[in-house]
């Protein structure tokens, strides 16, 4: 079943257009990875879904309803939660408060403070600390937990691995299946192709604001991905995962 | 001994300053909004109390039951209907709108109530006091004012630190865009904050009116005192606001005593000079974190 | 002679350490590339060098002069220029006026507009922007904005040019064009320090690479050797070499 | 040389300059056929309000310094003239210049304190400092304390009433026209380039070598000095004063701000339109001070929300007019776009950076 259906989406900031006619479907229960180079438009896409950037053209249908006009603070109520790039924890709130503020009265469900702490046990001893003293990995865990607290149907993860040590990234990624089991559909944005491919059931690659590739990880050749990622012939892969 | 008395009376006055400063500090803390009409709103609150007491024959203390909700609603409505359009990176529009509003309030009060000084009469309690020593007596009214100020600040502090509303205020203050992701309607929250700010400044205005006589053009002075209390104490700190108010009150008390003893100077002048001294030496305020 | 730019034991923390005890020397005529994953502290390092952030510890020297406590405009007039990762033109001004600001104020000596005009024109020419000199800067597309960042920086007649992901978000053809421009600037005697994710662009210009991870320098030296080292492979590409 | 040069004028702005020049000549010659002064005298307040509005516009609209303390410089000007002319016997017209000097000097320590505050807090901070000056004037026996002080006939020397009226008028005219000219010259200069870049992006400007604090300080001192001279001319026009009126925030800042906002802050033409509207409201509501403030205050507050660039901004949106040439256009080989002197390209007015 299709949870999210995006058609012909244009979006941008001021004079600058970041997305051109994006078509993406997300099926219920899948884990979709969106990859692409810096500036490809991945973060903008997530921000559009969360209502932080307005659409200029096209439609967004979520659970059968057009949500293009739903304002940002109402998106969480309909079941969309964004874990923003750079974590964006509230620095003057404690970790516990950061988690609690993520909960939404209209969305009870499996996720609560206790169940979140089960998935991210490293947070438990930090609950009463102000969030700005946490390490990057701890902050990221809190940010994901905060989004889970609203029991989202669709959780959007922006650059979870940004600036984190590989071992931390690994542990965060290990928690991802728990999200799916909890009933959330996952749409994650990554620059780190290797990580993305390891967890995704499907991959969409963006290049300069357009979809350049789509498919199941197993069906895609590395050279195709490299080409779609960098926008050049597959042979010139001087970087990317080797 | 008269100097010690000046300090004691100054502390009592400082409670009132802290009460004035509370709303200013809250609006700045939550949405970086500086309301230049703040003092005029206090005076407006006092005049509303004048009308309510004379029309219904109420005691001014009781009139708060009407004045405070009216001002709270006014603050909520003004924020939603006007101020929200000026919240943003450029401070110019918000300064202009609130400055204009202040001037309009002042002149509307002049038109409605004339330039005469008024007072709010609460009966015999006005002249009663507690003698601490032979030379020092603390009036009941200043004492009640200080107690109310501390209660309001304490309540605000508890609300900010303990309640869901306070959590939302702090979240919006940190990062309104991310707060929206949590389902928080920041614009509505701003209106709530402004409503609370108006309510506290109305209380301050009524207590000012009970304490001393006031006129339609007294608002700007109250704005300046409130602002000085906030800056002296340090931005974004409820207790800083109280300390700032008390210090400013003491400066006014001593300044007044200087005037009595030597014939020069005045409370407000010494208060301003203390503020400028703090600005010159500790621009972040005495208890402040550096915010910018 | 003192090095053109010296970074001594610099530290910066935002709750967590973003730049940690970092040392760096750049000689006149160098072209240094800086690589590392997102969040490694590269842009923070650049901000510290340019003066947009203040160091918690350590010092920054330009030609032996300690500039740690000076403002960005002072450092600019001492010969340091930078481009921003996300271009922020003076949108209300024309492209020419944008560049003129750099030419008038960025020179070490007071410059009249009449004297600065040829400098601005030359910078526009080198950045291949002369034809849109009278366009409103806010209306430029991304490549134009990146070029204008370059032109504004060049107009200050820098001794050393700090480039922050200037190739990011551009198409391959555009990247190649930009590489040519930067090579020419370097050949003209300007020292280059360049942060870039697009490694093949970097390799075409620089003669030395420093790799960073978690605010720490993990490797420095010959570009090919640095990029081939196992540490860099692991942190930069997010995967261990196969 | 590359053969490139910069032009600034086009037909439209040349037209604007021509109109202004004609208007200025007419106003300068006015005393010679306005025998009894019935035109000149009422014009003086309009002219000094224009001078004050332009100076506030320079601060708030171009340097981002939203001052609510301009009354301090008016008051400083008033009391400098009083002191020099009355107490030291200096020629009153020379004292007008000295008022500018004194205001400029005193503006420096004020800046040292007020520049520590930002935005709305800067606004209130300048207001506090203005209050300090008012209280000092009130306390100072030398300046006259709370009493009314008058510029007496003796200190005005042997000048006849008619000469005094004419000189006061011409000085007010000079201040108003001069203030507008200062704005145009500042915007055309390096300082203007710096201010526009700061308005658009302060950090970016710093990165290109612009010394932000210095640029703001220069503007602050210019504005203080010109406002101080205007204060002195206000006293020449209305020779009795006391501290409350010399340092009145309502008269010397609130009205001035309203005029600038309604006309259009951030442009050179806006305050001229604003002062014309103010004149209209004043004529319409003679002797009703409070209503004047209420109406202008409401219009200004509404404008600040709905049309932040004032009436001029609305006109400009409609007809794309620009009267004073401040923008730079590069001409020479290899440059695209319309030919020099041409129109249509949306190159910005210096003022259009204000938002």
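Going by the order they are written in, the chains are A, B, C and D; count residues from 1 in each one.
Convention: a residue touches a chain if its C-beta (ideal position, glycine included) is under 8 Å from a C-beta of that chain, and two chains touch if they have at least 3 such contacts.
Nothing here was measured: the structure is a model prediction, and the numbers come from that model.
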Chain C-chain D separation of Cα centroids, rounded to whole Å: 41
Centre distance in Å when chain A and chain C are each reduced to the mean of their C-alpha atoms: 31
CA centroid of chain A to CA centroid of chain D, Å: 53
Touch-based graph of the chains, sorted into line, ring, star, complete or other: ring
Interchain contacts (touch definition) - all pairs: A-B, A-C, B-D, C-D
Touch list for chain D against partner chain B, complex: 60, 64, 66, 68, 112-113, 116-121, 123-125, 127-129, 131-132, 135-136, 139, 249-250, 254, 257-258, 261, 265, 289-291, 293-294, 297-298, 300-301, 304-305, 308, 355
Partner chain B, residues of chain A touching it in the complex: 50-52, 72-77, 81-82, 84, 88, 90-93, 97, 100-102, 104, 146, 150
For the chain B and chain A complex, residues of the former touching the latter: 167-168, 170-171, 173-175, 177-186
Complex contact set, residues of chain A against chain C: 14-16, 37-40, 132-136, 159, 161-166, 169, 191-192, 194-195, 208, 230-232, 236, 238-242
Interface residues, chain C side, partner chain A - complex: 15-16, 37-40, 138-142, 165, 168-169, 171-172, 197-200, 203, 214, 233-235, 237-239, 241-242
